[in-house]
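Shown below is the structure under consideration.
Note that the chains are named A, B, C and D in the order they appear, and that numbering of residues resets to 1 at the start of each chain.
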Amino acid sequence: METGEEHKSPPYMIVFVVLAVLTVAEVLFALLFTGLPKFWMGVGLIFMAVWKAVLVAMYYMHLRFEPKRLWILAASPIPLAIILVVVVIREF
Amino acid sequence: MSTTEKDIASAVDAGGQHDHHEIPWIRKYVFATDHKMIAKQFMFVSLFFLVVGGALAGMMRFQLGFPGQPMPGAGILPDAMMAPTPNGAIMLPEFYNSLVTMHGTIMIFFAIMPLLVGLFGNLLIPLQIGAEDMAFPRLNMASFWLAVPAGMLMLASFAVEGGAAGAGWTSYAPLSTSGEWTGVYLGQQLWLVSLTILGFSSLIGAVNYITTVINLRAPGMTWFRIPLATWSLFVTAVLILLAIPILAGALIMLLFDQTIGTGFFRPEVGGEPLLWQHLFWFFGHPEVYILILPAMGITSEVLSNRARKPIFGYHSMVLALISIGFLGWIVWGHHMFQSGMNPLLGTSFMISTMAIAVPSAIKTFNWLGTLWKADIHFDVPMLHALSFVSMFIIGGLSGIFMASTPVDIYIHDTYFIVAHLHYVLFGGSLFAIFAGITYWFPKMFGRMMNEPLGKVHFVLTFIFYNLVFFPMHNLGLQGMMRRIYDFTQYDFLQPLQPMNQFITLFAFALITTQLLFVFNFFWSIFKGEKAGNNPWKSNTLEWTVPSPPPHGNFAEMPTVFRGPYEYSSPESDDDFLPQTTPPREGPGPSSGVPEPTPTPEGAEA
Amino acid sequence: MTTITADRAPMAGMKVYHLKLGMWVFLLSEVMFFTGLIGSYVILRFAHPEAFGVPGEVLNVPLTAFNTFVLICSSVTMVKAFAAIEQNDQEGLQKWLLATILLGAFFVGVQAWEYTLLASEGFVPMAESYHAIARGAAEGSEVIGGPLYGATFYTMTGFHGAHVSIGVFCLCFTLYRARKGAYTAGNLGGVEIMGLYWHFVDLVWILLFTIVYLI
Amino acid sequence: MTWSDWSWVLPEAFSTFSDDVDMIYYVILWVTGIIFVITEGVLIYFLVRYRHKEGRKATYDHGSSKLEIVWTTATLVVCLALGIVSKGVWDTMKIDVPEGAMEIIVTAQQFEWHVTYPGPDGALGTADDFEVLNQIHAAVDEPVWIHLRATDVLHSLFLPEMRVKQDAVPGKDIPVWFEATATGEYTIGCAELCGIGHTTMNGTLTIHTAADFQAWATAQAQRPRPRP
């Protein structure tokens, strides 16, 4: 936004369609492939969820169009979150 | 979230209008948005809490020095705290537990943290980076006015049925999950609610500081020209921003456990008490660095100024701040070595804890380096800053004992820990606060503090402080547990009675000595010698404006040409060279020409 | 060196105006807040798998999947509102904001309904079954959620729901200001940060939905 | 008050690993002691040497990267060395419970220690188990493996003369072990705040000779007691 130059609106609708499709895919995956090992089920679902989250952040929150430093700022708590969960899980 | 909307308006206000000359009294002194006034508000409130915390410590020390003996004058306290006997009132164990808990809580959350972050953060950040106020002045006001009710709730908990929280400042579950275990019901809940509110207050403060430092620096104030005090407050704000929400989440879960019967931390219904400890210390260790980093920043500032010499290794000082901030996130397990945590994790936490000595070493040695071939003036702020350095060395080195897992087995939860934490918190943070208050007092009130009185206060405090806390190491080594109401219950601790009495007597002396400071402080506000703009001949921007600075701080936008510590530079005839003095022969190659910037209101160009 | 007077021209900083930067910084702390809550769920579930039911059997996945879709739609309408004001399209702004409010409120409504359904089946955050009965479960029925599953579930989704509710509240305020013409193509900070918050809440739900309802 | 109270010497200890613990403590004491003396000494020297005198101007100097690298590396090396020394002893104390130890259960409860012995059949969890309150008995030179449990809140089993400390966590069964090297009566303490009676939650650890311990155990097992 701040660049001031004219950029055409990001592909909001396309992102929306992808999000919707991924949601349906997730639900179907979870409900239909119940035979899958829990681990792979989890990996698949997390993969899709993270993909969706990244899409929202990139397009709807405009991170793609922001300066790189904001980008770094936005990503900074993620390592901490991972450290906390991964370490504490090893406890049990 | 509702606040952010309003800030659209306030950001616009801050954008350039200088025309509020007629500020109504209530907006100037009570619901103030001026960062300097908010800083002072934080100062008065937290000094009050410092006195409260000190009084609680005094009562605790009485019990430890004279276990089970009637406390003079305590008869006025309710029977729920002090059991009346024919000879006088004797302290009850549940009241002792409340005292420990509230002493720790009040000192950490309501005294030291708001002094460092609320007072110095508000006072210094805008002034040192050349901004006219914080990015969100109204949010700043909200931050203060959330802290006040939080403090009142905390104090009120002494008066409720069952007394104040009594599970330690760490409130370990399951002890804290139910009044069944402690006899404290409402008090424990007030503790949780109060800290949650205070957490929110710190959080919006942190948002404000971070935005301000990133976006409001005066032209030429590049990252590596920011004074170390502001740098440390910036890193601290990041720690607050990311650590407090974890605490808030944990507090809320604990509150639910207590009030509505959930089972997060309650083993009797399948919950995990260790989860509380992990969440608490994941916040808690960054928290102790929140309490030391600004102190380090203040020390660097005072040390360099009073030594009339550039700080040794400015860049590595900044990097050390950042790496302490980062490493602080991966060491929390060192509080849990004996908690029943997976012992394999213990080793990794030990290594990371040891590693944190490295950036601390950089800071310590660089302070020493700053003094090398310097021109040292022993003013009151300098004396406090120097004792910060020497006391932090002691406190830090005692941390190494506990970081070593096998040694920690023996000294965990003994007075060795109590000694460590007071060396870093009192010897460290509080001495730096004394340094900071005396150093910036002229800027805040336009008057100097009384020098001889300040020196007497310093010398007595320094001596008594060491006599109180140094022997605690030895108590710990003899095996005396902490948070213990009556150590004479243990045969093997009975020989420690004289030493405990010794500590208690000097604790009383220490507390009494603080009256000198109280007197000096209030006397100087009204009667102190008038101070000019720059009594310390300092380089940083806050000293270029009148004392106290007017609303909006800078009459004219300052431009920054160099780093903050150019003392005794050959370029200047005097022994200092303010950041705003233009270079002698035109702009040097490195002097920052301000980059063009976006308009602050987010408009499209 | 020219001296800069009067008007402020500070350092470039983040190249982002205050309000937006402030919002982003605030959102970072929100990340940690939800890390604490969702993390506790993950950790407790890992430690006590037996205390947690199979989500599909206890929770109403299709209903919530639909609700997820509603929230995603509200993100689109929000971003449309922002796109509208970028073109200085006041009417579009108000229209899309209103749509977002309605979708958001609908989401909260469905969640509240879901809660009552679950509670009446005995799925509550507490340990004792009389709590379930007090919330509409049949006499003599068991507590299904137990103190761990129910507690983490309601805390997590509840705090998310609270965020949505606060968002709806703020959106109403934004709409009110929009009707007064407070925003223009050159002054759209308020709409943009509102959007950032809203999308963040959506983003959290996306992760939460997967972790709580599907895995 | 006697001067020995100020001592930096740890009180005597009587378990197989206590010497190792004390040794690490003394190593750290020496290392930090030397660092303490050097840093504070340098500090005081500088303060005296470079105190303000009329007409003195400080040296204009921004530091030296070479020096900084030296002391950073030195600190790192010292700390890592301390870490490595510590690891072995930690593993011995907390992880490597020796084979064939006598197993007992210690259950902490506000505000007492319930100690369960296996009884004549030598196995825990059988009918002939017997329980004593606030006392642990063991034979000298014989490892003891304590199953540490708690029923209500956190407690911490502290045996100062054995250099043992371990929190008891409700819902967990935490292994703690030690092997005493001398007979005598020692302290049991609770080191974790556990409520109003935290102070009073203490007891006695008695280390017998092997024969005495047998005699004690037999006598206890025959003592009539109410079944739980």
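Everything below uses one rule, namely that a residue touches a chain if its C-beta (ideal position, glycine included) is under 8 Å from a C-beta of that chain, and two chains touch if they have at least 3 such contacts.
Just so we're clear, the structure is a prediction, and the values are computed from it rather than from any experiment.
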Contact-richer chain pair (by C-beta pairs counted) among B-D and B-C: B-D
Between chain B and chain C, centroid-to-centroid distance (C-alpha), Å: 34
Intercentroid distance (Cα basis), chain D paired with chain C, Å: 48
Cα-centroid distance, chain A relative to chain C, in whole angstrom: 15
Residues of chain A touching at least two other chains: 1-2, 76-77, 80, 84, 88, 91-92
Chain B, residues touching no fewer than two other chains: 242, 246, 270, 272, 274-275, 344, 598, 602, 604
For chain D, residues that touch 2 or more chains besides their own: none
Pairwise chain contacts, counting only pairs that touch as defined: A-B, A-C, B-C, B-D
Sites on chain B touched by chain A in the complex: 242, 246, 272, 274-275, 278, 282, 329-330, 333, 341-342, 344-345, 598, 602, 604-605
Residue ranges of chain A in contact with chain B within the complex: 1-2, 4, 76-77, 80, 83-84, 87-88, 90-92
Touch list for chain C against partner chain A, complex: 14-17, 21, 24-25, 27-28, 31-32, 35, 39, 42-43, 46-47, 56, 61-62, 65, 68-69, 72-73, 75-76, 78-80, 83, 86, 192, 195-196, 199-200, 202-203, 206-207, 209-211, 213-215
Complex contact set, residues of chain B against chain C: 1-2, 4-5, 7-8, 11, 15-16, 130-132, 135-136, 139, 203-204, 206-208, 210-211, 214-222, 241-246, 248-250, 252-253, 256, 260-264, 266, 269-272, 275, 279, 556-557, 559, 561, 582-583, 586-587, 591-604
Chain B contact footprint on chain D (complex, rising order): 1-2, 5-8, 10-11, 17, 20-21, 24-25, 28-29, 31-32, 35-36, 39-40, 42-43, 46-47, 50-53, 56-65, 67-68, 71-72, 75-76, 79-80, 82-83, 85-87, 89-91, 93-95, 110, 152-154, 156, 158, 160, 163-172, 174, 187, 189-200, 202
